[in-house]
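Input: one structure, supplied below.
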Amino acid sequence: MTLRVAAQAAPLVCLRGIGKAYDNGVAALDHFDLDLREGELLTLLGPSGCGKSTALRLIAGLTEPSRGRIDWRGAQAARAGFVFQEPTLLPWADVFANVYLPLRLEGVARETAAPRVREALARVGLADFESALPRQLSGGMKMRAAIARALVTRPSLLLMDEPFAALDEVTRFRLNDDLLALKRETGTTIVFVTHSVYESVYLSTRILALAARGGAIIDEIEIDADIARDEEFRASAQFAQLCRRASAALRSASGERL
Amino acid sequence: LDKVSFATNWRAQAEHGGFYQAVVDGTYAKYGLDVGIVQGGPQSNARLLLAAGRVDFCMGANLIQTFSAVQQKAPIVAVASLFQKDPIIFMSHPGAGLDRFEDLPKATAFIGNDNLVSVFQWLRQAYGFKEEKVKPYTFNSAPFLADKNSIQQGYLTSEPFEIARQGGFTPNVFLLADYGHDSYSTTIETRAETIAAKADLVQRFVDASIIGWYHYLYGDHAAADAAIRKDNPEMSEGQLAYSYAKMKERGIVDSGDSLTLGIGAMTDARVKSFFDKMAKAGVFPADLDIAKGYTTRFVNKKIGVELRPAQAASAP
Amino acid sequence: MSKVSFRDALLPLAVLAGALAAWEAGVRGFAIPTYVLPAPSLIAETLVKDREILFSALLVTLATALEALALATLGGVALALLISRSRALERAIMPFAIVLQVTPIIAIAPLLLVYLEPARAVLVCAFLVAFFPILANASLGLASVDRALVELFDLYRASPWRKLILLRAPAALPQFLTGLRIGGGLSLIGAIAAELAAGAAGQGAGLAFRISEAGYRLDIPRMFAALALVSAAGVTIYGALTLLTHLCLRRWHESARGKGE
Amino acid sequence: MSKVSFRDALLPLAVLAGALAAWEAGVRGFAIPTYVLPAPSLIAETLVKDREILFSALLVTLATALEALALATLGGVALALLISRSRALERAIMPFAIVLQVTPIIAIAPLLLVYLEPARAVLVCAFLVAFFPILANASLGLASVDRALVELFDLYRASPWRKLILLRAPAALPQFLTGLRIGGGLSLIGAIAAELAAGAAGQGAGLAFRISEAGYRLDIPRMFAALALVSAAGVTIYGALTLLTHLCLRRWHESARGKGE
Amino acid sequence: MTLRVAAQAAPLVCLRGIGKAYDNGVAALDHFDLDLREGELLTLLGPSGCGKSTALRLIAGLTEPSRGRIDWRGAQAARAGFVFQEPTLLPWADVFANVYLPLRLEGVARETAAPRVREALARVGLADFESALPRQLSGGMKMRAAIARALVTRPSLLLMDEPFAALDEVTRFRLNDDLLALKRETGTTIVFVTHSVYESVYLSTRILALAARGGAIIDEIEIDADIARDEEFRASAQFAQLCRRASAALRSASGERL
């Protein structure tokens, strides 16, 4: 299990000198720079409230920066998938319809889409809940429906905001591996937010540790894309060392706040 | 003084002049009455107020209402008719091929609902007017003004004045009374029980009202006009003068039977004549016991005839 | 739901029966004259006796009311959609909608007859009365769409049309349907009020004419019979719209689910 | 918000000015007679000339409308609260509310005068017209409270009163305020329609009387001047209620936040 | 740091033969039994959708069981705190008012409550966000506000549904220790749902591992309350062994589903 990253290629998305202040004056990001490389799996790691979700939303073009420039270089046209931090399901539509939604918006007919929707649902363990409404799902099940929705289009850019936080470890590990498999198959570029240091090390080709305020980058950890991501990697000394480094960065990021 | 209330069927106007006169010149007081006049309006239904006992007397527009009350077994009785002729008219634009009464049935007709269900039914039967031609008249003459080929109902004493002022022409006026519509108008109505229990009170109210009308028509009516304008500030002096003149000119109040029997006169023959026309038109069943709806016992007593100046006796 | 619908209907019917019985008893007990307040039994009798006149009049009024409601729904929703597109459009259009709402057209209904046929004038009045509640509630619904869901649709670059059909329309449904229920009743009373002010008379006339005709004739039982018909028609419209609401919302919206669990 | 309020007002004013100019030009260009459609300039002139009569009439009508709105708000909210307590109460009460809503009281206004003073009859009519939208929207709001929040309050065994004040009332605000805006306009046109029907005349008469009186006297410019006053009053009521809505909701509710960001 | 549990005392809450079927026929719990002991910290561990939230809501009396009996033995009267799986904040109230809410419902005056509210906010790192509205908070901050709200009344029974899932590890560890400190000080009984095996072992005096469907208890792991919960415990062989046992239970619970 190795991951290929076009390390030398031109960045897919460039954020330069980004400032983002909300209407109440809170500066979520300040002088934030980021080059998103094609094919990488980049994890944003940082204390709660440090601006991770804001950064993802900026990359997706869902919000405008207050300062600075964002350059998409054709990624704009690319199909993006987004797992929001909250499930964000249509309350009136059943699970199938919610997962079918992105395909429907692309104009794919229901019959054509059905096998893909069902496959995505099976992947997240919701095969039996096709016709359940969001209100009939547990917290983790809602999140899984949202994950299935993001994956069903096989997007070339995938933004995931703590997608697995509400899931048990077994499901989480399996979905980690599924994500890596998807990435290998399709070369998707992924930006990932997680609070789990282990998860970030296991998945990423690069980790950015952000400071508690303003999103200053405290540490940038590159992880060789060629390393196979498997139980062996998890048990390795390198994994433990990378986790220690990431933990330390997170601690120092949090330090100023606690 | 006995406190009594009297509901009119419209906002204060010259057509109520005699009643206001009796209030302001003390005639009612002289007859031991303290009369409060309750103004009516386009939608008010004075007869409901009377039937429900909210007022003691009310003004009836015509005999059709009287017959209706009999039909509905409402114990309302007409005891006097202050108008010998119903002032209802049709108007048409001059020079639009509607200058003769026979021309009118072919025109679009703006008719109020109350007349549609009564007088108009007789006109249909007697003159061939058609319901399909009718559009509602809601006391606004603008639609009539805007359509040269239309006719509109009105009061002799009222609409032609504003039409002339605002429309800039003098409309043809057809007084329906001249074409066989022989209903009484501006009647005094009261409840049967009032007649039974307080016949004297009814008699005094009728007599004083009649005298009021004599004074209004033939005496100094400035104070009554002022009272009218106080109750209805919108009433212009011009309109009042016009109405007054028309009433006198066409003998609305004092003509025919009233010349001999006194203002307020009612005769069984006249009531029957009008009822027969209505029955023939299908407005009422022919076997209606109309005697229940009116009584002549309070009128035809030549009350106040001496108040009419001699030269007025030859009104048309 | 369908299992309890029989019991659901029982209580209001019982209460209604009780109210009618009290009315009947009151009228008899106090010997209230018919022309002040007729007894329900007499009203029912009149309804049967005059059924031909009254029902054909009801059809006329009902047709007007339903047409007005349909137009108000179309117009209200269309305008709500337009307004929801931009603040500028809202600012340009809304004042006119408000003026139309608060201008008592009924008061100039007589004048409307200068421009319009009576039936059309009535329709315009009924339309104007029903229009605004639908517009206001549809607007509220469209403006209350969860922003996170809007972002989801933005992310997938949904066309405005798809966004409308798949997101904004269903999200606005609860408020829109409430507006529709309000408008349903208003279109009916608007039609009646307009018929009074400008309506056709005689043959082919609506219920308002029959009501005022009965009033002139002091035929108060018939007046009440006509009113009872209007009420029944209004309750039926409301019931149908409530059923529609229930069918549309019961699966997902809080307001259409039980009060308890 | 306050920074853009000047520009906010500019667009509708410009559109309004344009509409008035077109109207003026149309009336002059086609030489439309005054009694069919008076020019805005003539209406304005009449407004100034007859200001005393018209403004005192406006005060009468406005007082009725506002009183009706206040009563409708009280009544609508109280009933909505009652209904929200149990399905049984809803089923017992709602049919009556609907009957009141759809019964064209206007049509029996003459009859109403048998039981009530004219001013009171008008108030009752205006109340009935404004009542239902407020009830319906307040009900929708109360029924739409997020169930998770209800459970939170249940957990802390909140008293019904505290639950109402701290949870259900604020949650129902957006819908309630929309109902209030609808009711505001309706109370005004309800008052006018009822004044027309009940025909309260003479001194202390409201605008409807002035309108029908002017119509009867073919003083169409005054009729329109009175109408313009009603519209202005209605727009003012609506504007005040919109401001209230904005103040209540702007901090947290989607519908009161901008269309863009 | 040791935890005292009244192991012999009568259970605080008894669930007997509980069945819970939702209106769509899904049986979230089936023949579920539980004795909640006074003073314990009980963790429910189990795959997503296995009925953990349902069990908490049953204990709190927020929903009725379809079958079986729940006995509160005076706990009903006790003040319960609940951290729901979703933040469940009043959208119109600022953070202060949201946290003040339970005290307000108890009739505590604003001035009296203010220091306690501020203390709770400081504990979760939201001291600067008193007057922010929920919509102005990040996902983790919303959850922290919900935690502060549950703690502010110092409840004698505390139900927490994945309270720390949306938080970074540093904050999470600190709040873990805060929770243990609170428990020591007040003797609160806590029922905790988490997906983190490590967290469950670190915090609990008892862990119940539930099966994927119906909530059958797959394993019950007792952890001596007298063990001090600190970094030393985390590094101990016993900790690792307990984690392995819990993981295995979780895996076997998930097995039937995946």
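For clarity, chains are labelled A, B, C, D and E in written order, and residue numbers in each chain start from 1.
In this section, a residue touches a chain if its C-beta (ideal position, glycine included) is under 8 Å from a C-beta of that chain, and two chains touch if they have at least 3 such contacts.
Computed from a prediction, not measured in an experiment: that's the story for all the values here.
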item	value
Shortest path length from chain A to chain C (each step joins two touching chains)	1
Centroid comparison with chain E (C-alpha atoms), farthest chain	B
Chain pair, most C-beta pairs within the contact cut-off	C-D
Centre distance in Å when chain B and chain D are each reduced to the mean of their C-alpha atoms	39
Whole-Å separation of chain centres (CA-atom averages), chain A against chain D	50
Interchain centroid distance [CA atoms averaged], chain A/chain B, Å	88
Whole-Å gap separating chain C and chain D, where each centre is the average of the chain's CA atoms	17
Multi-partner residues of chain C (each touching 2 or more other chains)	36, 110-111, 114, 146, 196-197, 212, 215, 220, 253
Touching two or more other chains - residues of chain A	86
In chain B, residues with contacts to at least two other chains	43, 45, 48, 52, 138-140, 142, 146
Residue numbers on chain B that touch chain D, as the complex places them	11-12, 39-45, 48-49, 52, 54, 138-142, 145-146, 162-163, 165-167, 231-234, 239
Chain D to chain B touching residues, read off their complex	33-36, 53, 109-111, 113-115, 196-203, 209, 212-213, 215-220
Parts of chain A lying in touch with chain C, wherever the complex brings them together	57, 60, 62, 80, 82, 84, 86, 88, 90-93, 101-102, 104-106, 133-135
Contact set on chain D toward chain E in their complex	146, 148-149, 151-158, 162, 166-167, 170-171, 173, 251-253
Parts of chain B lying in touch with chain C, wherever the complex brings them together	43, 45, 47-48, 51-52, 65, 68-69, 71-74, 110-111, 113-114, 116-118, 131-132, 134-136, 138-140, 142-143, 146-147
